[in-house]
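Below is one structure, written out as structure tokens; the observations come after it.
As written, the chain order gives the labels A, B, C and D, with residue 1 at the start of each chain.
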């Protein structure tokens, strides 16, 4: 019963097969492989962005930090949700890659920044001219860290705040597939048509061993991204193994199918928990379920083999009745039996 | 009627005379001058720290950023007040000098962090191991940005939180002289005896053209500081002109006299304002006075030649009755006549 | 006839099978997988270093830059061969990861620094104290970029120069397997017993899709390496796919077999070229062959489908008789037929 | 007899008087002072550059590193003479300020790069695309570190190489005044008319306590420079003391007079040495004299109170007859008596 993360499950077998299939003969290195040309064409088509610059890296932190460094100057500040992965989970990667830009945090109780809050925080970050950091890019996450999604309309409204200030926008799309599966929107609607300049589309949490697609809608940013990727050690020599993952994942809509499966598992889990009177904290719109339960129940579940993370708080506290929040993450492989077993323990 | 900043007034004439006097004949460069040896001895004596490493730089931002870089690793986060100069007024200098460390902000409504708040923020910054920044130094400001002071007991209690976690402590002492003048404490009581590892003692805001003394109580940190100072362009070739300032400023307690004068002027101002029914926002413990007044009054004062800064808000708003906060900064040269003229306008 | 690089060939099938096999069920992420525990144990055994800290990354540039950043301070200079990959082929990655350290170059006509040259360059880099960079680590490459090897005795003699100065040592082992296959030495003899502090053992150029093993012989350096890896985006969430590569590659000495095959192919090529009167530039001790040939011959070979890189110079020059140097790189998959075909064209 | 550096002598009294005179009343901080407006106007007139952005900093390293950071991307390499101050004497400041750019060295036996050498080095730095640093700015020093000058024609010819490649140009003008005094050229002829984008004009080595003028001929670069200066701690709050130095130094051509005096002293020294059969190493075109003499003579001179630096080599060697090079630096205050005394010792 592993709900610890969407990175603890296996890759989809079709992707592993594609890796094996890609392993024949010689191939040009450093992104010059034929498979990458196919990935590029496929991604441009998918995003309705025939000119976009398209790159692959292996980790979400690399995708985010390289994208932010391409958008932000070292003397700027990046606006993001207080819960953003780029702030909380990357050990200062944005600060490192940008050469010392700052992150200015926007409260986002359910994971989503609101236009009002973003506007207010941007407005507050100005009055000192050269003394305080200049306003830099807005970084938004879709699906958010709490499993909620913006959807096209809300995202467009949020990013209009950035556009009005002339600020560029980065989208952390480590779980963009889940948000697209939930809303049914076109990829363009959650990216460039909503005001995004650089987006990632994450394969790693959605059935790949490790690949993230970075899309720069203004191809003029491409050269800088390429130099930054290389000097950060994120340009793969045997690049075909990234390309093959991405291509198989995009093939026939597999990426969306996997995201739908993960979303479905989460919905199933959330429904089951609600049926048992467990409080679900955030709307379940993707593959993450946050719930409240007494410490004693968490202990019981984990003792029986359930693997998941508390969201703050500690299993070791004295009071068995204290309510602790927790996160369940479903990947594409989370099956009925596992979910039923988990729900059965409650 | 210039209350815009404690950096708009003149230097004390004795310090200018010392500059002129230092300008005779040849002197060793890069800190090898005889005056610097005297400064070093005098500072060690003053701080009761016979082994301390002592350096001079010309700006407060240099003093802070170099000190923090010596204490923090790039993958750490620095804890400081939300209002701290290192966060708000240095255009990402700490992020730059540390190679990308983060600043984690502690609410400090009156400018002072409390032990409880600092403890809570440090505690919250931990659970993700390698994924989030490691806990790094605590940076504290004395006098704070709002003109309040910690004083020895409160500072010791606050920094005990850092010591308990094994975190090093930086003290931004751009206005340390004012705090020492207010409390009458020994310099050691507001620095190493309270738990400070590296402190600055600022001359620039207290009557010097531009000199900040940095004291590293552990001399083993000295070599790193020296290399960092040099590669940041902050090692002066004609160093004697920094030394001469510092020496004349320390001579005969001039530095404390000047701080007392500035504090006295602020107390006078605050008293006069209170007498006229104006609300003073923070305890006036140093050379800064924050007060609330209607927009119309601010307009009147500035139209009559008073020079000071609003603390948020804008003179241009529509409502003449809206209450706006403002800051008055007094330097040593703020004289009775100027203050009387200002108060007379209200 | 692809001799363009040792990164254009396929991975060994056994390693692909291991990847597929690793793709079953759930596994702890971020290096907590069981396979990594096995890799760690195997590497420690192989290097006779039971305490060593062992990490995996996906690219050679990441391995080098992270290792150098762990050894060098930003105000230091790194000593390396003028031809070193860290200088020539990493787009300033060492400068980026170290926060601005310098690289000081040592002439190495056949790819190998000599003790005399290294000593002289280190000696020359000193006289200015704080004004010039401090002496930092020595970075050595085994197999060198020109396909020569140091071997244990020569390496020990070279690194004695660093040890005498108290300078730490990094070994770029992107092709260390080839050097070990050539000399028959124990891994410890080409690393810690010769004076190396941090070494990489590269799988990518030796039959893996993309994995580099970093070994820090002083485990106290491990925590810093882990934070640096994370903030550089080089910690893989689905780490099992790095572990599985490394484990299969080490299993049963496959790594050495593959290196021997590649070395054998290069020896065969070099012999064949010599038989045809072609000048071989450097001793062929690993999997690289450098040779001189007239422009016209290079044109002929490439026109017939041979893929390799000139070593300086351009195919487009006017003089068909001009002698141009070129590099042939053999990977484990370079077979007899391909080599025979190539030699047959001459 | 202090010839150790042009930074060991006193400032000119007129400049000290200007400092004292500037110390009256209040003045806007951070460069908003009236004196700075005058400096800006005067510098623009002097350089025949009515649109140029003009800034002041206190050290030559700050001027150089900030300028280079404005011109170079982190993934580029800067071309400069092997003897350049930015390479040898700034403890990696360019690498720090640029975020990790590299310096590629051009041999310059007499301190001057030649167009041929620069062209060859630039040409050699290309072939690897994204793998090696991109070609970045050329940094040239006038007066060079060896006391030679380019003069307008030679400089224009050299920089044509950079222009032909589309590379921007930085001029380290720490001793630009001496070169202008020597050649009689207009400041524009040694800067923008010769192809320079950003130049410094150094006051510190020419009679000021510490001020360097940075001129960006394309004012569009100004905002970036301002942010970089601020976040590097090089924006002075009490800026009037920088402005006052610069203004007094420029007033009535004092800056050129002082440079002429220093140049004259060096010429006198060199002539005297030649008369005594001492070999002068480089053409004496500014205020530096390099000469060869046996170790025994150096020992004698220093024992008698002469203060200067050997140029490589050590006073402590065993052979009294070994010829050692040395540098004599003259500042404006080097008087006849001091020079006569020195020559008398030989």
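Just so we're on the same page, a residue touches a chain if its C-beta (ideal position, glycine included) is under 8 Å from a C-beta of that chain, and two chains touch if they have at least 3 such contacts.
Predicted model, so just to flag it, every value in this text is computed and none were measured.
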| item | value |
| --- | --- |
| Of all other chains, the one whose Cα centre sits farthest from chain B | C |
| Of A-C and A-B, whichever chain pair has more C-beta contact pairs | A-C |
| Distance from chain C to chain B - Cα centre to Cα centre, in angstrom | 50 |
| Averaged-CA centre spacing for the pair chain C and chain A, given as whole angstrom | 34 |
| Chain centre separation (chain A, chain B; CA means) in Å | 41 |
| Residue numbers of chain C (touch at least two other chains) | 74-75, 90-92, 96, 99-100, 130-131, 134, 227, 230-231, 235 |
| Chain B contact footprint on chain C (complex, rising order) | 30, 73-75, 99-100, 130-131, 134, 224, 226-228, 230-231, 235 |
| Complex interface listing, chain D residues touching chain C | 74-77, 88-92, 95-96, 98-103, 127-128, 130-134, 312 |
| Residues of chain B that touch chain D when the two form their complex | 2, 4-5, 7-11, 13, 16, 19-20, 23-29, 57-66, 90-93, 96, 204-205, 209-210, 227, 230-238, 241, 307 |
